[in-house]
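Below: the structure, in structure tokens.
Here the chain labels run A, B, C, D, E and F in written order, and each chain numbers its own residues starting at 1.
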Amino acid sequence: MTFKREHKAGLAALALALAAGAFAGAGPAFAQAAAEAAPAAAPVPNKGDTAWMLVSAILVLAMTIPGLALFYGGLVRTKNMLSVLTQVFSIVCVVTLIWVIYGYSLSFTGTGAFIGGFSKAFLAGITGDSTTDTFTKGVVIPEFVFICFQMTFACITPALIVGSFAERIKFSALLLFTVLWVTFVYFPMAHMVWFSEGFLFKMGALDFAGGTVVHINAGMAGLVGALMLGKRTGYGKEPMPPHSMTMTMIGASLLWVGWFGFNAGSNLEANGGAALAMLNTFVATAAAGMAWQFTEWGTKGHPSLLGTVSGAVAGLVAVTPAAGLIGPMGSIILGIIAGVICFYASTSVKNALGYDDSLDVFGIHCIGGIIGSLLTGILVAPALGGVGVAGYTMGGQLWTQFVAVVVALVWSGIGSAILYKVVDVVIGLRISVEGEREGLDLADHGERAYNF
Amino acid sequence: MTFKREHKAGLAALALALAAGAFAGAGPAFAQAAAEAAPAAAPVPNKGDTAWMLVSAILVLAMTIPGLALFYGGLVRTKNMLSVLTQVFSIVCVVTLIWVIYGYSLSFTGTGAFIGGFSKAFLAGITGDSTTDTFTKGVVIPEFVFICFQMTFACITPALIVGSFAERIKFSALLLFTVLWVTFVYFPMAHMVWFSEGFLFKMGALDFAGGTVVHINAGMAGLVGALMLGKRTGYGKEPMPPHSMTMTMIGASLLWVGWFGFNAGSNLEANGGAALAMLNTFVATAAAGMAWQFTEWGTKGHPSLLGTVSGAVAGLVAVTPAAGLIGPMGSIILGIIAGVICFYASTSVKNALGYDDSLDVFGIHCIGGIIGSLLTGILVAPALGGVGVAGYTMGGQLWTQFVAVVVALVWSGIGSAILYKVVDVVIGLRISVEGEREGLDLADHGERAYNF
Amino acid sequence: MTFKREHKAGLAALALALAAGAFAGAGPAFAQAAAEAAPAAAPVPNKGDTAWMLVSAILVLAMTIPGLALFYGGLVRTKNMLSVLTQVFSIVCVVTLIWVIYGYSLSFTGTGAFIGGFSKAFLAGITGDSTTDTFTKGVVIPEFVFICFQMTFACITPALIVGSFAERIKFSALLLFTVLWVTFVYFPMAHMVWFSEGFLFKMGALDFAGGTVVHINAGMAGLVGALMLGKRTGYGKEPMPPHSMTMTMIGASLLWVGWFGFNAGSNLEANGGAALAMLNTFVATAAAGMAWQFTEWGTKGHPSLLGTVSGAVAGLVAVTPAAGLIGPMGSIILGIIAGVICFYASTSVKNALGYDDSLDVFGIHCIGGIIGSLLTGILVAPALGGVGVAGYTMGGQLWTQFVAVVVALVWSGIGSAILYKVVDVVIGLRISVEGEREGLDLADHGERAYNF
Amino acid sequence: MKFVVAIIKPFKLEEVRDALTAIGVNGLTVTEVKGYGRQKGHTEIYRGAEYAVSFLPKLKIEVAVAADIADKVVDAIVGAARTGQIGDGKIFVSSIEKAVRIRTGETDADAL
Amino acid sequence: MKFVVAIIKPFKLEEVRDALTAIGVNGLTVTEVKGYGRQKGHTEIYRGAEYAVSFLPKLKIEVAVAADIADKVVDAIVGAARTGQIGDGKIFVSSIEKAVRIRTGETDADAL
Amino acid sequence: MKFVVAIIKPFKLEEVRDALTAIGVNGLTVTEVKGYGRQKGHTEIYRGAEYAVSFLPKLKIEVAVAADIADKVVDAIVGAARTGQIGDGKIFVSSIEKAVRIRTGETDADAL
């Protein structure tokens, strides 16, 4: 007897387990018994989980294009709008291809502590029946859907960096940097934190949906990029107001909407845990949005839209590592802290230090990611409403979280610096000053975003 | 034996039931027997239902931000665009927080006929394993996902009101009004209609997805708001054309897309009932869109985009209370009636009465909601293709629907009037005339929507 | 014993099967036995499948409105933006109504080789418990969700044609043409290819998600439309740059996002097959986007955003017939080929032939559809990573694919030509030259897209 | 003939147009402009960046008229556009030597 | 030197530019304007509100030329911009006293 | 009084405004325009269609000043707007006969 399709296999496995149970005798213990009595049957995906993971992958794509592209695009000047859109869209395309060729394999195979191997390069050996384990023993999802889901993470992370050097990077340089960065910075980070052999995973670092891998990683690369590319021509002299807060608001909203795929999807199952991650993603975001708004209102006199949505994004970032691990009230606290600190990081601190991180990738993603990663170590405590982890001590967990944060900062900081340098030497990072004046849209892409 | 995760509990419960059945003897009756034989096992959520409800909550958020924000924002003048976006986004944040703090508890606990209690304030006692009953006996969903889903309803309802006093309300007044309104008007209404102890629920009023709670409620509050704030400066003298029909069309489309979460999600299960609600939401909307378009074409000479999308929204509103209860052909009738009546309500009637309901919250949401609520009482009849309700008589049901409509109108009308007055006394409702001329974007938020 | 709700029926069926199996004796063969021993129990939908199909229908709507509307709208001049939005939105409304009245019945009933019957007109006899078979024996989904899903396909297909005669067609003509075209061209094509009695279905033509039915069909109708309506006034003399590449980029992104509903939804189940279709839809699109970008960069000097997103759409089109049938590496090849060929088709070839297909419906949808349909016949080969089909020979399958392509081209070409002619005679296809100069927005709809 | 150029507050357009048609002026041309003057602008804040916006939205009205009614035109504009608050705008009058109606080729007074 | 200001229909821009370059005019400046005149506007309806839109989109072309070719310039514009239908626009000619090319500081005829 | 019209590169606005306020000019009006001249445009490609875009974004600054400072104003603009590269723009000076401040009715020099 062979099963060609997994749903049949599913029925069979269930039947097998139950039948075995039936014969093992009735009683509350028999399900346990059944599980033990049927070791040979490979688990098959639950279609509810599969449906949810398909949706989650789609949501993360939507949060990138058009979400992130619009969030960033709205904040640049009209003449650079199209360049930001092209950059984000192209990053998604390029990383998608790299991911299936070798990225997935480097991230999720092997026995290395820092990087995987090439055994699944070109997705070798993976079929529609292959499965990936979830966090629950015996529960699996189709490997293809896991590949898609993780692919969208690999796509959005380098796209986040775009904000830091927007309005001045050369398109060809961006493409080359992206290829190098995902290969040498992102895949190793993903492997370290999320793969069972990775050293931060083994250390017990908690990162539910990507605080270190995605946000600290991208935020730090952004800061280095802003420093190495230098300021935009005219920065601090000419006004550079966002050309369309409408687009930025659409983008922020889609980020929120899509982030449920990111955070609740990271639960890998459609159950109460995903619902908790969703709820936390709601409330932390709301709390951070209002925290930034009120702080700005109090200190600058106006409750701004840009502040409100920036706060919301800071909240989304901060709750990312914590989403399925802490309680809703902890998420409110987390959100408020992230909203206030990221506000100062993106305004006073940035101005004081004087770097030109065009769209505050560092102030929001890196700082927000650090806040989230550290507070996850605290708020995961059952006493604080968290779900708890085995053998938890607050000090111990906090230390582990701290180590993970430092590793992410250092790995991304040094790795990115080297790669920027390489790209600069090979093809040059910055567009010419004339190109910058004319706008990257015409200079690099030969098109204009608007012809009203 | 303990089960830590619900999916395991699920398997076990299933196994228990089946095994019991097996021993009770083979035959068509044993499933029944099994159900009776296993009273102790708590039902566990089906992951397909959970996946669907996670998605539904996300869809309702998307229909609010960016959906509703764009639908409304496109209709105001450029100088007020950003204010509308900020208002809608902030309402979502504020109500999200209130919801988890006490809103959910006030709406969905207790034994009161009009309002719940504080037993679940701060979501006390709720975990990832808590469940909420669906409309099918023995079928549950995780309580967290129900909280998220209902939260999005609480968020969108006050956001709907924004349209009525857009372009003139002070931002601080809006925030205060929102806090008061959800507390004193929305939560009680939700409790009365949707909670098993609520008096309209007990009366048998049918409101599948929120015709009374959401649309009549918001629409009536809108009318009162338009009256109490007074007309926009220049209303009837200066032209006030929509600044971007493109944004309005995007918003209307996202409303439609997201409304499937609203209506089909209100089925709480991913089954044929949800599919029926979805189908009805398709056809009523399409019928109403074309009905408004053709009526306008016939009477005004042009088939306008604004008319078409307004009709579609009117159809969405009208089908909301009816979605899972009537048949597809009934939905077409319902849509046509809503499209035509709302067209006249938002044009001739509004002009005749002379109030300045900026974006026709009353004409579309309140009138559409009334049409839908009443017609639900008729079209639910199996003879008319509806699914029927126990002990149905058309006259009786219609009377019940009528009572629910009147209660919603009165509750919202009086409650809102009092709250507007309170806000006006405390901080003032309207922005200064200069602020209105300059535009709320600069006056209230210190930003501009566009810098092309 | 009666079951009122399908989930109960589901449990019962499962129980029945398992119990029968239990009594048939333990062992790996009993599931098989169970299936045979329980012929009477009608299969009930899995809720995971239902959830996924509900989502898929929503996604296809979102890819049409606002997706396709924005993709097209951004490419026309400001003065015609609103007309494109109105056209797409209205097509969705009109076809939705036709679909439930007779479209579904004509497409998916009967015994005819070319067209169905009227047995399900007005959705006669269909209830929430009715089901539709999937591609897996014994697995069904609620018929209502299948109706919704297929309805969105019927809606988007005529909307695709809009791009070919944009900026010059009369709105009333468009509506009439749409009604005629879906009736006489689309429903028959859908019946031929997708219904079990259809002649191309029986021939074994592979079209996973609509390469022939949707894209070749619409693309050919577009070419005929562009030829029969003639060029836009000023074509080739006045510049006609896209008025908003921002909108086009949003549209392209939403097309990609929504296309997962289109392609992975066409699997009808939430399993590894859907995941494969999703993965292919990711990589083919990415490959085609970059292929067009690099080809343009190499030949025209700039990597344009319009080129990148056009390539992505070409990839989406090409992978449509292949999505669940080929492997990821095959999809990359497919995407590259589609990106390069469609680039030349939409630029050099179009310019050489001189027709004015405003938004390249032919060059992208028809050509991309042909590439996809033919290559599906090759790449489905297990040796090339495909899933294989029973009795496959490459030559034989390619021939079958070729026949299907030719049938689609001829059916759509001749049918559309006749229908354009009919509409032209009855009410005239083109707007007046003055109307064209003023813009269709004012001339036809009495509104403007923007009032900044 | 005279060429009257007026910079006004945007919301005064309809009133100015009405005042001009009331005295028989049947054509004019309007441009959106940004004005800098005594009227103070505002500050816009986008995250860390504060911009003092000193250019304010104004409308420029251009109207060519026969020399003899130029003063009446100026008075009409002043009357309709005045709010009494800073930033009401300016009117500049200069001469034109020739006017042509493109459609007919008529010139000067006939062209207006 | 003369300053020629022409209000034309938007879709005539390319033709006018070509006509001017044909007679040796190598520079001009274009502004999007809204025109009010004999040409009737249209009505826009947004739900219950009807607006009579009487300002129509036009382009304003400004070109400074040596005095001796001013008439030729006017004729060229008239020739290229005429459709014969109402709303074709106007041309106004006035004098300028000085012209400067910013790049070089050249003045008057050399600056054009 | 003189009317100074300058066409400049957009990014030079702040510098020109500063140069003018430095010499006591307290008001001016700015318009977004498109310029055609010696400065070459660029080509935009949208799928199969290539457009030679020869109109480039410029700003037009209009400032009315007392006749005696007109030359100083011109010099200030030239000084601030010059980059030395083609396309820096032009300045045209003409006369105005009358200026009125709408708010007060003040005329001529008092109105500026």
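Everything below uses one rule, namely that contacts are C-beta pairs under 8 Å (C-beta built on N, C-alpha and C of every residue); 3 or more make two chains touch, one makes a residue touch a chain.
Which chain is which protein? Per UniProt: A, B, C = Ammonium transporter; D, E, F = Nitrogen regulatory protein P-II.
Note that the structure is a prediction, hence the values are computed from the model and not measured.
The minimum number of touch steps linking subunit A (Ammonium transporter) to subunit C (Ammonium transporter) comes to 1.
Identification of common neighbours of subunit A (Ammonium transporter) and subunit F yields C, D.
Although subunit A (Ammonium transporter) and subunit B (Ammonium transporter) share one sequence, what matters here is the overlap of their interface residues, and that overlap falls short of half of the numbers used. Averaged C-alpha coordinates put the centre of subunit C (Ammonium transporter) at 54 Å from the centre of subunit F. For subunit E, residues that reach two or more other chains under the stated contact definition are 31, 44-46, 94-95.
Counting partner chains per residue, subunit C (Ammonium transporter) shows two or more touched chains at residues 14, 18, 22, 46-49, 51-52, 55, 241-242, 244, 250, 300, 302, 304, 306, 446-448, 450, 452. All chain pairs that count as touching, in label order, are A-B, A-C, A-D, A-F, B-C, B-D, B-E, C-E, C-F, D-E, D-F, E-F. Partner subunit A (Ammonium transporter) is touched in their complex by these residues of subunit C (Ammonium transporter): 14, 17-18, 21-22, 26, 28-32, 34, 46-49, 51-52, 55, 59, 77-78, 136, 139, 241-246, 249-250, 252-254, 256-257, 260, 264, 269-276, 278-279, 282-283, 285-287, 289-290, 293, 300-306, 308-309, 312, 328-329, 332, 387, 450, 452. Residues 234, 237-238, 437, 442, 446-448 of subunit B (Ammonium transporter) are the ones touching subunit D in the complex. Note for the complex: subunit D touches subunit A (Ammonium transporter) at residues 44-49, 51, 53. The touching residues of subunit D, counted against subunit F in their complex, run 2, 6-8, 31-38, 54-55, 58, 60, 74, 77-78, 81-95. Residue ranges on subunit E touching subunit F, taken from their complex, read 1, 3, 17, 26-31, 64, 94-103, 105, 111-112.
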